[in-house]
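We call the chains A, B, C and D, going by the order they appear; numbering starts again at 1 in every chain.
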Amino acid sequence: MDFNQSEKMQTIIGMMDEFVEKELIPLEPLFLTRPFTELLPVIKEKQKMVRQMELWAPCHPKEYGGMGLSLTEHALVSESLGRSPLGHFTFWAQAPDVGNIEILHMFGTDAQKEKYLHPLVNGDIRSCFSMTEVNLAGSNPVMMDTTAVRDGDDYIINGQKWYTSSADGAKFAIVMAKTDPEADRYRQASMIIVPCDTPGFNLVRNIPVMGHTGDDYFSHAEILYQNCRVPKENLLGPAGGGFAIAQERLGPGRIHHCMRWIGICNRAFDLMCARARDRVISPDGRTLATKQIIQAWIAECAAEIQAARLMVLHAAWRIEQEGAKAARKEISLIKFKVANVMQMVLDCALQVHGGLGMTDDTIIAFFFRHERAARIYDGADEVHKVAVAKQILRGYDGRPVK
Amino acid sequence: MDFNQSEKMQTIIGMMDEFVEKELIPLEPLFLTRPFTELLPVIKEKQKMVRQMELWAPCHPKEYGGMGLSLTEHALVSESLGRSPLGHFTFWAQAPDVGNIEILHMFGTDAQKEKYLHPLVNGDIRSCFSMTEVNLAGSNPVMMDTTAVRDGDDYIINGQKWYTSSADGAKFAIVMAKTDPEADRYRQASMIIVPCDTPGFNLVRNIPVMGHTGDDYFSHAEILYQNCRVPKENLLGPAGGGFAIAQERLGPGRIHHCMRWIGICNRAFDLMCARARDRVISPDGRTLATKQIIQAWIAECAAEIQAARLMVLHAAWRIEQEGAKAARKEISLIKFKVANVMQMVLDCALQVHGGLGMTDDTIIAFFFRHERAARIYDGADEVHKVAVAKQILRGYDGRPVK
Amino acid sequence: MDFNQSEKMQTIIGMMDEFVEKELIPLEPLFLTRPFTELLPVIKEKQKMVRQMELWAPCHPKEYGGMGLSLTEHALVSESLGRSPLGHFTFWAQAPDVGNIEILHMFGTDAQKEKYLHPLVNGDIRSCFSMTEVNLAGSNPVMMDTTAVRDGDDYIINGQKWYTSSADGAKFAIVMAKTDPEADRYRQASMIIVPCDTPGFNLVRNIPVMGHTGDDYFSHAEILYQNCRVPKENLLGPAGGGFAIAQERLGPGRIHHCMRWIGICNRAFDLMCARARDRVISPDGRTLATKQIIQAWIAECAAEIQAARLMVLHAAWRIEQEGAKAARKEISLIKFKVANVMQMVLDCALQVHGGLGMTDDTIIAFFFRHERAARIYDGADEVHKVAVAKQILRGYDGRPVK
Amino acid sequence: MDFNQSEKMQTIIGMMDEFVEKELIPLEPLFLTRPFTELLPVIKEKQKMVRQMELWAPCHPKEYGGMGLSLTEHALVSESLGRSPLGHFTFWAQAPDVGNIEILHMFGTDAQKEKYLHPLVNGDIRSCFSMTEVNLAGSNPVMMDTTAVRDGDDYIINGQKWYTSSADGAKFAIVMAKTDPEADRYRQASMIIVPCDTPGFNLVRNIPVMGHTGDDYFSHAEILYQNCRVPKENLLGPAGGGFAIAQERLGPGRIHHCMRWIGICNRAFDLMCARARDRVISPDGRTLATKQIIQAWIAECAAEIQAARLMVLHAAWRIEQEGAKAARKEISLIKFKVANVMQMVLDCALQVHGGLGMTDDTIIAFFFRHERAARIYDGADEVHKVAVAKQILRGYDGRPVK
């Protein structure tokens, strides 16, 4: 048992921490009050710096120009970058591209890799992932209305998707659609690459989320696929393999997210402590930090962040050791645990800031409202709790729990 | 002991419930996506209907054109109107005007009433209340930097305020400023009426709150008072009476807020239950409503809303029977209890809605982010908890708890 | 809406409060460390005093020698007496006799009343209620293994019951047994009066509960009915009416329990506050009461007790106005809400007492361990939550929720 | 980063798990219902088996006959043995002896080691630790009334201690007493070895804790020291070193306790899952395990146990790497976090068992009531929270937080 990190990672994390602190956090006021497209040119400059520091695309394969870090290594990266909403994007470690890169790498044909993977890792283009549908539970693979019907050498896609994050400005989408409705429930859907300029790919709107319509990378689109025709070569992976690929995509993806949330926790925790130290509450100069109620929150948040962090690192380690399937329980546990810890820490940090915490003069209110989604996407808390309980209970007598 | 409501109130509430449902809730999509000034003309039409129904200004004195309801009666009104963010404003029962009307009525001179109270109750103008300062704890009356210095027949006001809600578009502000820094700590500040077009009254910005700068009534301004000169006749109440008047303003004000929050709870609870019934989660047609985890939330929310509601009604009743001072403990208890119940109910309702709950396609996300402030304004949770505990502990031996 | 209590009740409660404080609480150290039978003679003396004060059997019919209080009146009594574990027993308002008296009064024949009800109200004998079975969920009326088979003019009862509280020393049991296994599920069981000296009524053991086997009134027996034969005249109410009578028994019974729990909350709250005031924690004489964490608990407990109390009073009032069936939702809500509030208050009170709280030198540890059962008996939290949610959800479209 | 355990430890833990399961858990019904002295002869037999397996005294020095495991290794042992209240005692890894052995080893003179340490490690005698006083906060070293005054070559000890666990049957006590009341506050007290048969060592009573007076090892004594005279050679460590030694004793001690609590969590979790699988709740054979509310508890408990476990292992590792002082924050975090996780898990496990959970027919009720002390002893939750928060806040600007 050894909790040490390698010297290499300590160096990398040190550089990233400093970059986030000095280069990205100062951009947040702009980020919070202006469209993202206004900020993009500045970010592009920062991305150049990142490339020069050789910290570009930390979790992507070396052969395509990434750093090729392992999952446990990338977990630490994700924690560091998570401190700012701009971190992952600037270092090119952002969802949904990170997941798309992974499956293109694993399942893409040479032609697909050439056309989509190379420029994507290189940051020349962006992509999106189009799976969730409005009226159907994301967690249930059978409940999908979007279809991709073979017509000659093409697939014709019809359906309505939403929460297709970052579609605005993306070059292509990876779409999940039913290709074989008669197959076994887990073999009905396939993944298909759809360039966003394909006729029939209609970005209906960027959905207003928490009062914010968003734009470009920071947006969540509703997409209407209307007789959207793509060549059959755009099939990603085997026909009927959509569910399996989606699962493959989710395991490490949850590590990325969870460690990003730990980064958010760390940031909010720092802001909370600093505010407690600075906020004078009585004429004799005493601060919030002298108040036991605040102290109790700080201690409780510290305990929960520590707990959550160790759990994610352990889950990442287990995936590396035994694969995502063996670590299924751990992955589900961190998915709901870390999301809830983050909500608690953000809530405390906001409360310590009082009225200021409600404003966009700090980053807390942004995290508070937008990261509420963490308990919902990639499987709601409840879905993971039930799944993990059934898996555990099965261990008690081998029978499945209905 | 009798929990019945009068027939009169049942009729009034029935009319209000229906109006909110039919006339206001349909306006919410517009409210959530457009500036409030765009919506204002429509609201003005609705306000005409309210006047015709003789439901205008329910808690304001009959002599000025209001309905003159008692506090317990108005509590029920506030619950009904609270279901929509547009309710109180449309019926002219909105903060901060409701509090300003109350203190103008109690402490205003005839001239002040003629000039400010009449048009305010009548809906011809709006007002704001300028007390909170950026770097100082709102809950500590001694910690105020804004000064109002006598100069001949005038007061000259200097200072910086923020969270002066609804200043954008208001006709006048009631400003809290130190008039006698040498006096006893609770006698240093006074209330002064300042027309918003007075030179030196500078609305610096509408503060972005939860990503939303807001406009007109739905905004929170930062105000810079720079040698802002008003005649001494604008003093509201006695010199040095600012703190006492503020207290007077807060007691019933908390009842209004708390019952508005109950209204929000009721709305969110309805949306949650309806969503649970409608949301199909498996191919055999089973809905979220069949899931025990959701059922547990519904039961727990029902219990908490019931608890919170009875507590507010009881506190209102006690204020009516014995005055706000005698009910100080009850007022503090509901302030933090109800705010926390609301947060819990909104959180559950959002979670039941899944991804939809994050969007502005329902009202839940608006409440979730903006009503987070309920645990902060008018005394943060912690301030009330400590206050109520000290009061209780005093009862155990009569000595004050430091 | 009126939260006042009548002068009559104020007088009665004042007398009871004083009696509990002066006569019963001083007996608790003995109660906590000795068998109850040792204490019984002293209690009998106290019961004489209660009779002389004309406070005997407060919720039992006047015609049988009780005070004949209404349900809302008795709620207040139960709160007062609940402060000590000896309260209800001393004033003869204790479960299970209170429920047995109620159903004997409602459903008993003249002969049954003469033989069982009279001496029971008068305190000459005690009774028990034998419904729960070991391996079967108490909340499901169909899952009952005990049978009562007609044989000539007798019933022959066979089965195993547990948690037959206070069987040790009781004169008779009211037993729930299946008389018609073929009937509709809610019509299979009946109530039968079984004198405890009937052959075949075997008190196997007093079950050790929380480390305490108990004796006499304070015990929970396991009973084995082996060919236990009683005359058919011992049937209480109609054949097949067992479930309906049990329901009848539970409604007001939950009010009694819930208000008793409020009494326990009040007691623990007082002890907590007093301890906080007295417990010196630093050489300069500062006490626990000066600590914000403790203050926060006190405020939170005060809020929850107030909430719980108003909910119970409201539920009692509603039962009186419209009957137990109409108040079903309210009854379920208080059942789990109040039990949880009590657990929270007891936990805080224990923690404030530190090591002392773990000992039997105060009453807190007794309540902490034994009242944990409140969340289980008469329907576990979860059973009530699901029931109340289904009832609420039904209101949203009229269809039953499976 | 590596979460693997050594093969050696896997083997040891495997043997211990099996022994606890096969040899100790079957003794629990006896343990729960009879005096411990009745059980002792059986335990002695089991201890012989432990010696034969060479698993005796796992955390004590090899030179004295123990296994000499490291702290992280012993953490795993404590988890395994913690599954039964009999585990630690049977393997001779029980508090308070484990702590006493540690400080005798570190600070004892050769004579003290010969006389006390040898037979103690060997299991020939037992010891107790006499620090806590009734009316004084255990966490404040200055607040101690017991004195040890030099008189010639002796110390004369006077004072009253309580919660001197396992004094009943112990051979000697290590007593904390003020030897120099004028010294700096952390240098006033010393540790002194007092044989229990010394005149003036009066065991007043075994304190009834949670209804249980206890006996022999399982007891908590009140001790009155009345002119209790011991030779000055009985001083353990330097004069005035009491506080420092007590701190030394507590660091690893908290690891032992916390991992024991994890063991309790594991046991309760197993019982909960098994019960959920076995408990039929409807005539069609469906069990509690099919209920989402129960599933949610299982998942939440699994997450919390995993979190708590990793935190303790990490803290133990950090103590090993950098010493107890460097790991002070981690030690405080686990102290309150693990104790609260245990309480939550036990509460859920009890609830899943329903009425059975209240009885002593399972071990849960024992843990539920007695392990409530975990949040109190060795520093109450609140003491650790405040300490950890102050330490963290200090990091934000270097100034101590008052």
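One rule holds for everything that comes next: a contact is a pair of C-beta atoms (placed from the backbone, for glycine too) under 8 Å apart; a residue touches a chain by one contact, two chains touch by 3 or more.
Chain by chain, the UniProt names read as follows: A, B, C, D = Acyl-CoA dehydrogenase.
Small disclaimer: the values here were computed from a predicted structure and weren't measured.
Under the contact definition stated at the top, the chains bordering both subunit B (Acyl-CoA dehydrogenase) and subunit C (Acyl-CoA dehydrogenase) are A, D. Chain centres computed from CA atoms place B at the largest separation from subunit D (Acyl-CoA dehydrogenase).
Rounded to a whole number, the gap between the C-alpha centres of subunit A (Acyl-CoA dehydrogenase) and subunit C (Acyl-CoA dehydrogenase) is 52 angstrom.
Averaging Cα coordinates per chain places subunit A (Acyl-CoA dehydrogenase) and subunit B (Acyl-CoA dehydrogenase) 37 Å apart.
In this assembly, the C-alpha centroid of subunit A (Acyl-CoA dehydrogenase) lies 43 Å from the C-alpha centroid of subunit D (Acyl-CoA dehydrogenase).
Shown for subunit C (Acyl-CoA dehydrogenase) are the residues in touch with two or more other chains, namely 291-294, 296, 382, 385-386.
Subunit A (Acyl-CoA dehydrogenase) contributes residues 291-293, 296 to its touches with subunit C (Acyl-CoA dehydrogenase) in the complex. Those residues of subunit B (Acyl-CoA dehydrogenase) whose C-beta lies close enough to touch subunit A (Acyl-CoA dehydrogenase) in the complex are 32-33, 132, 134-138, 140, 142-143, 162-163, 207-212, 279-283, 291, 293-294, 350-351, 354-361, 365-366, 368-369, 372-373, 375-377, 380-382, 385-386.
Considering their complex, residues 1-5, 72, 273-274, 276-277, 286, 289-290, 292, 294-296, 298-300, 302-303, 306-308, 310-311, 313-314, 317-318, 329-330, 332-333, 336-337, 382, 384-386, 388-390, 392-393, 395-397, 401-402 of subunit C (Acyl-CoA dehydrogenase) touch subunit B (Acyl-CoA dehydrogenase).
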